[in-house]
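Two complexes come next, and they have one chain in common, chain A, joined by chain B in the first and chain C in the second.
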Partner chain A sequence: MSVASVPFSLGRLGLIAGNTFLEAVRQKLFLFLLLLAIGLVASALFFREFNFGSSELKFIADFGFGALIFFGSALTIATTAQLFFSEIENRTALTLLAKPLWRAEFVFGKFLGVFAVIGVFCALTIGLMMALLYHREGQLMAQTPEAFEAGRLISYGDLLVVGLLQWLKFGVLTAIVLLIASFSNTNLFTVVTGFFVLVICHLQYLARDAWGNVDNALIGLVVQAMSLIFPNFQLFNLADEIGQGSGVDGDVALRVAGYGLAYIAVIGGLAVYSFRNREI
Partner chain B sequence: MSQAVSAISIKGLTKDFAVTLRGVKLRAVDALNLEVAEGQVYGLLGPNGSGKSTTIKIILGLLEATVGDVRVFGVPSNKVEARRNVGYLPEAPYFYRYLSGRELVRFYARVCGVPSATLKARVDEVIAWVGLSGAADRRVGTYSKGMLQRIGLAQALVHDPKLIVLDEPTAGVDPVGSAEMCELILKLKQQGKTVLITSHLLAQIEDVCDRVAILDRGKLIVEGSVNELVGQRDRQALIVDPLPAADIEALKGWLAERGHALNSVEQPRARLDQLFLSKVSRPGRPGGASAGVGSNEVPLDDKPKA
Partner chain C sequence: MRTGLVVVLGLIAAGIALRPLEGPAWEKIQAKQPQLRLESLKDALGQGVTVGLLGGFRAIVADLFWIRTNAVWEENDLPGTQTSIKLVTAIDPRPLYFWLNGSRMIAYDMPNWRIDKAGGYDVVPEAVKRRFDEEQSKVAVNYLNNGLDFHPDNPLLVLEIANVYLNRLKDVETAAKFYRQASEHPDAPYYAARIYAELLRRLERREEAYAFLTKLHPTLPPDNMMAQAVVVLDRIRELEDELNVPAVKRYRDPNGTPTPPPRMPGLDVDVSDLLPAPVAP
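Right after this comes the complex of A and B.
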């Protein structure tokens, strides 16, 4: 008996993503972390009297990106795991996957929903940080015009690029947590493993620098393999370039973006493959 | 000439679950063979752990068979295409609490590919059909169990599937809600739909099913039409007005002369659920409507609210 095939549908994927987004923004965790991040970014203004050995504007930017990275990572891991397991534990996945819906649509829909939530988080945090910087820079320009003879010191375009790269990094982290959730049985295991992998991804460059060039070929191979398996999250940290005169190199930013997208595609594909045979 | 295709065809289905890391397996379904013809209401019965839900999940493509062939209208059940014509109401359904009933049904309709041009009308129609028009704009989180079952049925029917799978549709629902669910199932049968239903409430199954299969420890124990299985072909009951003892004795003698026996004289009893339904008020039927289980005399709520 011939039956019309069910093609992969971007419309269905968008529906799952939209529903995931709606569920996420209604969670208290999202609001809580968003308020904390915004509070922390705003509090940078109150620390400006301290001398941290760097310029005040640089300090506000660093403080803002610190809040973004810390709370963004926590939000990404917790939200991805929670939204995935709420579907499994509440058995809404049963109803959904009993429809003519590809599991790939479900997984990528979840990814896009979480990615959109993190996008809103990043946009609000970076938006506030840029507004604070602009406001403070204006005050400083009025107070000490000689320091700003060449115009504004902060490149707001660069801030935006670095913010976008951080968002992309959270996208890679979302894909990693989805991959873990696709075979994990509990939310807790997924969250703990997610944080563990996050630390590895942030620190793997240290291992590569320390062990990548040793004489032992086996260790060298293992380190190289690990550095391929776990994405290097330090590559996304271009915030140091801001306000230093040189600015963010566009080519570097594009290469980092390509690096992030490639990891999202590969890890997302693995998550779909793993979830395909999961017994619901 | 094309051969009629069963709504569900299960051949030699076995499903094992690994229960330990050392590979010890639990056999949930054991060499099951079933054919469900199109247009039937088919009951899948059995105690807890008998393999009913596992079988349903394999039919829906949520689980893979270890061995065997399962087809839905001729399409292997693990293909996405097989689910085009299937609606599913899970046991004790839980839906997105933050959506209203209408938003929920609309969401599932869009997932199922209901065309935009007919989407609103279809959503309104199916919500009215399950009798939830008045509560369609309330959040699902505020629904009672009976209402959850009905909105669950609405989402299962919204794409007009040919096969509807109902897993314990009356579990945790009061007798009124159960009776209404049975009425909806009979309406589906009248529309020519195939319904596969599991339930622990055997009296209800008996009222609505054409055929039943009883599973125990994953094996098929009994299968057949309800009349074949529970009808006593070597017995007949005659319902008469009350007779005095002398007349009963005379009747016995009359039967004995003709080689027959009067085996028992009993007072007929109404079922307790029928008594309950006749006494309590039902939504849309104030004052304790008397429609019995399976009756289609009064529609639940056939008029969509404007």
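Right after this comes the complex of A and C.
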């Protein structure tokens, strides 16, 4: 039976996603990075001694998001590449794709499996950070009640929104790594390229700002193309607004979420297209 | 090759299609976070600032660079300290602490380092010392003005600019202008207005100082120690004496403190001392 004769199945996609999720959580890398992130978030109370500028609660929130972003990015890139190439290297991809299975089901199944793992990572890290902030804020409220006359300073709803947006950003990153893996021959190449793309996506806004100042038309065109090719990851960086008095703007959060979901669909689709043209 | 081209074109098309969704959100984010602008980073790019820009650990990276700044500062390394100060605020421009202390290092310490390097206080001519002061003060004021891009509603940076003009450049006129600007802010510390009035007195603009203080005094909460309403009232009285304000035109304290009669010119006694004592009923 050929792929063309069977309709696209969410059930098969779910099976691949579930299998990918189980494989991922069994990996030592996942546990290692999860423990590191949790350890770092928990140690924020000790690191606050280094803090010179921001308020203590803001510092703890920054530190927690720092751990989430740093280890979350490492986990996303490494896990996606490893799980994709383990199927290729162990030849299980050959067995799977010989069956009536769409390559789109395979790619999006992998995506959803990794996305779920990253979701668990984000939930645990954010949950711990919120608990830590709540505990410390409670202590500070007891020590200096006059500073909290208007109630709690930290908006825990905003923390959740920023956590969700970070998860979406990791989703876009997962799709990007899958796209790279769809044409790459080695795990190492995928991981290294994935990290470079991560840095470019975080800094692409600088290229966009610089575009207006470039005199050479050709270079200007290249810079503009770069800013269009790579998604803007700084857009997801709303954590700075937490504890600054203004809070997260709902309209901005919705737009960013839409932007992330659209990019996941587009880059995922391109990964499927690229993977369909690949000889396994 | 064809696959690669399709992928690149697909990404460009997605970038163009999503711009209307991204643009307004990005504008709002940039407006709230001026550090996400190229001009905010041009002094610091390529010096490890990427670590901070990647979104995580901004606060801790800036704190660690601040420790490094202090280490370089202890060695009186002018270019190193100046670069390091700018790097810290490029990574994390949110804490005022960095802006205030960085500008103090630039304005107050660095001229001394330059004088030492040029041979010491006894050797360097006054004109050269003055030039060092002016150059470093200019750098500090520019730095504080950059800080105002990130903290436009904060009067402490304006006060720091005023302090540089007053304490380092001895430019009372410009300092007064900035103290006034700071005092007009709703969150300004009370002393900003008091210093402004004192500087007006120093500039021999007593009428202006008197008019300013008489407008200021009724706005001061009498029970707030920081507001120093009593001190302000004392200064109003001093100015009334200096300006020979007639008794009927003297400022009346809304809190009920009796208006003292004018002092006799040339005598260091109150006119009331010369009046006959009230007759007991």
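What we mean here is this: the second predicted complex is superposed on the first by the 265 of 280 C-alpha atoms of A that agree within 3 Å, B and C clash if a C-alpha of one lies under 4 Å from a C-alpha of the other, contacts with A are read in each partner's own complex, and residues count from 1 in each chain.
Everything below uses one rule, namely that contacts are C-beta pairs under 8 Å (C-beta built on N, C-alpha and C of every residue); 3 or more make two chains touch, one makes a residue touch a chain.
From a predicted model like this one, the values you see are computed outputs, not experimental measurements.
Room for both chain B and chain C is found when the two structures are superposed via chain A, with no clash between them. In the superposition on chain A, A:Asn277 contacts both chain B and chain C. Contacts of A:Leu188 after superposition: neither chain B nor chain C is touched. Of the two partner chains placed by superposition, only chain C is touched by A:Gln234; chain B is not.
In the superposition on chain A, A:Val222 makes contact with neither chain B nor chain C.
Comparing chain C and chain B on the residues of chain A they touch gives the larger count to C.
Once the two complexes are laid over each other on the shared chain, residue contacts for A:Val252 go to chain C alone; chain B is not touched.
Contact with chain C, but none with chain B, is seen for A:Leu179 once the two complexes are overlaid on the shared chain.
Of the two partner chains placed by superposition, A:Leu10 touches none, neither chain B nor chain C. Of the two partner chains placed by the overlay, neither chain B nor chain C lies in contact with A:Ala131. Fitting both structures onto chain A leaves chain B and chain C with a minimum C-alpha separation of 12 Å. Within chain A, the residues touching chain B in one complex and chain C in the other are 277. On chain C, the positions that touch chain A within their shared complex are 2-4, 6-8, 10-12, 14-18, 21-22, 24-26, 28-29, 32-33, 36-39, 41, 45, 50, 53-60, 62-64, 66-67, 92, 94-98. Residues 47, 50-54, 58-59, 62-63, 65-70, 73, 179, 183, 198-199, 202-203, 205-206, 209-210, 225, 227-241, 244, 246, 249, 251-252, 255-256, 258-259, 262-263, 266-267, 269-270, 273-274, 277 of chain A are the ones touching chain C in the complex.
Contact residues on chain B toward chain A in their complex (touch as defined above): 5, 57, 60-64, 73-75, 80-84, 86, 88, 90, 93-96, 98, 107-108, 110-113, 152, 155, 165.
Looking at the complex, you find that chain A touches chain B at residues 1, 3-6, 9, 11-12, 15-16, 19, 22-23, 26, 90-92, 94-102, 277, 279-280.
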